[in-house]
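Can you keep this structure in mind? I'll have questions shortly.
Every chain is named by a letter (A, B, C and D) in the order it is written, and numbering of its residues begins at 1.
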């Protein structure tokens, strides 16, 4: 599960969550619980659009799902098909106007869109559309898709969507709602997780399977790369927006985005993280007294490391659960005097001990340095850092907002330089091959069916072609 | 750390947290961070009173610390001595008027009080005071103390406090503030944890030591049973409100109230919980595939159980971090259809497995039954329940709001009946002696210096006398 | 009706409004509408306490009646007897803790008090009570009354109230509620208006009769000086807290406090104001083109002046209705550039005209100077100021917070100096005798039954005695 | 000034207010005060967009100007050119998404629009645009204008605006902002008031001149019918969007929309209303004891009536100033028992009197009936109703949302039937000719330069042509 104490807010791009229910009178309520289970994918804003077959009912707002919706308001969201969205954004000032689902009127009536992902060529398309007279009210990629759909002359919505997406390159899990149809589309490489489930006779869609568990729905299957699913009064049918390509799930979903209780492409996230920890212990063993993880995203890997190494697993770091938007940040003066915010090292656990600190990634290195200092101040005699993902050395084109290359510590320093920079006694990363094997898909798909580009620079073949075509 | 998914809101009494800073210009800010670290002890309301030596500045409100205080408001709380309080209450409707610190004017000027605890004879004292013409604005025990102080004719405040507390029987960590003094008092048996620390030249007081770590303060020592500490312009001095009695810390503080990173009476809470898990594994071993704890309070014990038993520790249960006051509870219909709220079982971890579920206590048994069902629905083939505290069979007179005896499952059923009631394959509790040894105070004090009355019915001797005197 | 543009917020003391309903299932709702009609008497906070015969239901908050109560909340206020209060306070920082009705527990059960008025000897009583061990949570005079009631050993509440009020000197309209009685008391000189009415079989009490009209109740009569009315299950009976004294209604109630549609002591407020304007025109005639009043409190007097003088009445000054608590005050720089806030002069009405500006009072003179400048900037060639009350030269001991004598312009300057100071072409005040006759009570009571002390220094005889006794 | 007690909320269409400042560092603050002075033109939402020459800063919200903007927020609106809007809407549910100024990105950069008015052919244009692929996010007419501007291929913005407006028929005062230009356009018949002023070197634009007075600006002139004013770094220049046509100001602006201190087309609104009252007294004299106006919009006419008839003017009806959005409406049961909401009749003024009640208009007649009943219940012996506008018998195409013809009482009943329906003793309306003369423009323009279509059915010639072309 994403941990804001590790990757700071400004380091991560628009990683969002989408959810939909088709064909239940309590569609909006179920969507509420679904979004609540996806809350870790975005805390900036939340929204639900529901159709009663005649018109839309919309509620969107900034804040957590529990802040945006109240008992009263949820009961105004009447209708049996709903789509919802939780949003995580890069820039603080975006606010309510970018809250999804976006809602428009176009020639075929009302249209709502919710998307998790990033378009590689959004900027070019936007300029082109503006030159043709389009006006934009948001800065989201999703509005570009809406314009393309509206401009298509195809009489059927699904053909208009197909035509629109043919112009688009990127990673997305996309939901489109009208008063008589719901359309769900997975990008051609399935970079973003997207699953189809069912609850009774109704269909549900979700960025992660954990949301199915929460509402008592059953997973049917993951949506295929390039697949478009249409649900309307005729029932559910499936189509394609692109020719079949191998699945290339973003490896970072396993490393820290997804909730441990979700399954992606059939693999449980907690289990894959624990295997990464075990692998790490085998690749880079160390003599120590205790193993601790950086909560919450590294807990599973730390448990795995402890198990494989035989070193006891302890709660050496505690996270304050109550840090929210309105938390008053300590002044610089107070910080220097030692006022902590989110993480505390547990003195009684680490004092006089050699500590293995397992974390899921290092981006800039600043957070690692801070946590290591916490541990030493609490009395740790040695701090050995083990990272359950390989060094991040390449930018991501598909929605993970890695900072500029010159700020990626692993792209600019040797392992030894990094160790000194963060102040660890030893430092080791898992190997790319070790990670692939730990995630556990032993298929003959490229990289086991995962995108590891940020670690290896090896983009899945199809993606490379796209990038070339974009840059042309 | 208290877990609301285990003990439901209505099962627990007024367990609060107090914090104070004496002698720093940023007293209110430090108190804010201190209260934030004590947030797990009370989420209903929060308050800070600060004195600038001439007058009080007060802010109190319902909600979390981060909701009650904003950047603007904290800067209005000027002065170099502050006391703060977080409150947990039994009844939903109490609201703002019971938010502490309470503030009064009396003959000696302004008076603020903040208390964590429960008075055994509050009701009797209240009736007596009303018959003498006192009027009450709150339903807190703390207001009784204030009236007793105000009615004392002793010229010095500390003598008035001593006189007031001589009428009182109960458990409390009490802070009293005037414009020129701060007084801290620990009850005669030290049932509630209460520590003295320092940061630079300033003194700090806290219900738990974790709050010292957060602000960079050092623990000096725990306050002694019956000790009264006075800080004023003369410095710090200590006095007594009662003759020396053995320490009898509430064992439940170790079991689940306190934060794992706190030390109480010199013992780290996480470490003591882990030892309880180890002890439990030794006392009641079982063959199984995975060990899981009920988050968050049972995590440490589960780790200990896993370590001692050699069964792998896994995240078999996941708690949604975003459940807050404004969460819309699912209707009965939705619950029956399987909508979960706070806890999810991790299918990928427990499916097809024999699971040891470690929990910290069983009160009514309803929550255990619910969690066991969650695990079975997620595919667990067996569920073995291990409880890291002994059966609760007696009411608490000192602030833990155990429900009426007829609702205490362990007071009314045999172990086998309980096992059937909650639906476990096997069920075992730690022994009282095992718990005492696990907590780890090998002194010759009675019960190792702890109050175990709710488990054993054996009240510390001095307490029994008091109860007799009260009931007379 | 009080006009904040004339007397600024900080110049006026605690003038409040009280309302009660006894014996109707919709008591709280009717109290809401009653308080709403009394909103002009206090905008700082509002509150209602209702009893269902068993316990109190309380709601209080800062802000307007419409801000404090919502549809939901009013329906929680169940019970058939309610008292309510709107509060106007002198100091900004007082906040919620001073919101009335105050609610206490005392030996006889629950007790609520709401009072409009001011006690002359509140401070002395408070000190005395504190020395006897009382603690205070508010800075209101009303809490002093509560303590005195609680300390009385009289077995019947009405005797306890009588005993309590025997210690008190001042002006008040007081409502006291328990779970089985409502008691209403008017001070011995009836300085504050207080009326008894009925709606169906139920009794109502109000600071002003306008609140009766709004709920469709009928006025029975004004409450007599020193009268105590008790309503309980036996019905209504009347008693006395003091021997009969002549009525001495505060003349300022007629001048600007009360709503024009209220009747006080049988005299309509608008009609009395209009007669003051007519009297003023007769006493101090002037040749001019238009008459305008300073909205809203001087409108009636301006109409009277126009009618008596034959000069057309015009809307020469317009008040912005939307200035509220959250209005952003213009910076000094913007003010100097001419940004106005609440009042605008109507250029099309006053340009090139000789204007008579009728206002109800001059306290410091600063507001008059500002308004005269507005009129001149809008093109008025002459501005003749006529004030419908005599010069204020003495402090008030009974609740009107006249500023210190050295800030009362009329106490320090001659009429000519004042004229120059405010920049008027001519300036005249109504004579005290003219005002008495205009109000219109031609009785042989002293001063026609009014208190004119702030104008004349002549305190009603009984009051003088009291003041002596206080100052002794 | 519009009085909601007369025309109920649902009877009036989108009558809004616009304001702009060009060329001052405090542009947003001045716009705040300007919008505050225009608050009577719309209370649903408010917004300001300011440019710092590089980018827009936007704040919009539902509620009053004082609710939408706080001190902090206004200081974030940096830049020296600002446009603002207050909105009044017909449908309750519209909410924030329709709050103006609207903001878009288009090919030429950022674009903001604020408009007061109504387009006759908005619906047709919208359908046409959607068929060409446009998507709409609001239901405002203003968004149609934005799309037309964006689709124009004209390289200069002012030509694009001209081209866009050539498709549009309707009444509007329109403000358009980019990062380097402000454009203001008045519709071809100047149906909506729109004025140009200056403050120092900066230009200001406003729906009404009262906003100029409030910020200390000077009126330069009213904007001409069909005039387009462009202000940019070259200074101010003027252009035309249509060939010259006679001014046809909506007469209802004088009757009740505008503030009495505004001048429209050189005529003061209060003065014109007073003349209407005088004219009415001459046209339909009556013997009576008092004249009263329905507050606030009919006060001026009532004063005029009183002056011309010699009958004293009194405050016979009082409006509660504190009725706001959150006022709890009395239940039907309470209403029947006599609970009033906004208006009270002053018993002391009307009891036993023959009352002339002057009102500004009758639409459905329901409000008049209610007020007459109030007066009779308060003791009026006769109620003579005089209306300062002619009977409304025709729908308005230009933004005044007259209800359907079958609900217009004057379109369906004779004068005598109306009199009986509302319960008056006599009833008279001003004549159309009398109204024209009272407003006072003795030009040879058609109808003195006013649109009287709702009274006479005579639409200004050019308008009729347009309507034909639309209906073709």
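The criterion applied here is as follows: a residue touches a chain if its C-beta (ideal position, glycine included) is under 8 Å from a C-beta of that chain, and two chains touch if they have at least 3 such contacts.
Going by UniProt, the chains are A, B, C, D = Amidophosphoribosyltransferase.
As the structure is a prediction and not an experimental result, all values here were calculated from the model.
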Chains in simultaneous contact with chain B and chain C: none
Interface residue overlap between copies chain A and chain B, same or different (over half shared): same
Gap in Å, rounded to a whole number, between the CA centres of chain C and chain A: 62
Distance from chain D to chain C - Cα centre to Cα centre, in angstrom: 36
Inter-chain centre distance, chain A versus chain D - centres from mean C-alpha coordinates, in Å: 50
Chain B residues counted as touching two or more neighbouring chains: none
Complex contact set, residues of chain C against chain B: 96, 103-107, 111, 127, 130-131, 133-137, 146-147, 150-152
Chain C residues within the chain D interface of the complex: 26, 29-30, 32-33, 36-37, 39-40, 64-67, 69-71, 74, 199-200, 210, 213-217, 259-261, 263, 267-271, 274, 296, 299-300, 303, 307, 312-315, 318, 320-328, 330-331, 334, 337-340, 344-349, 378
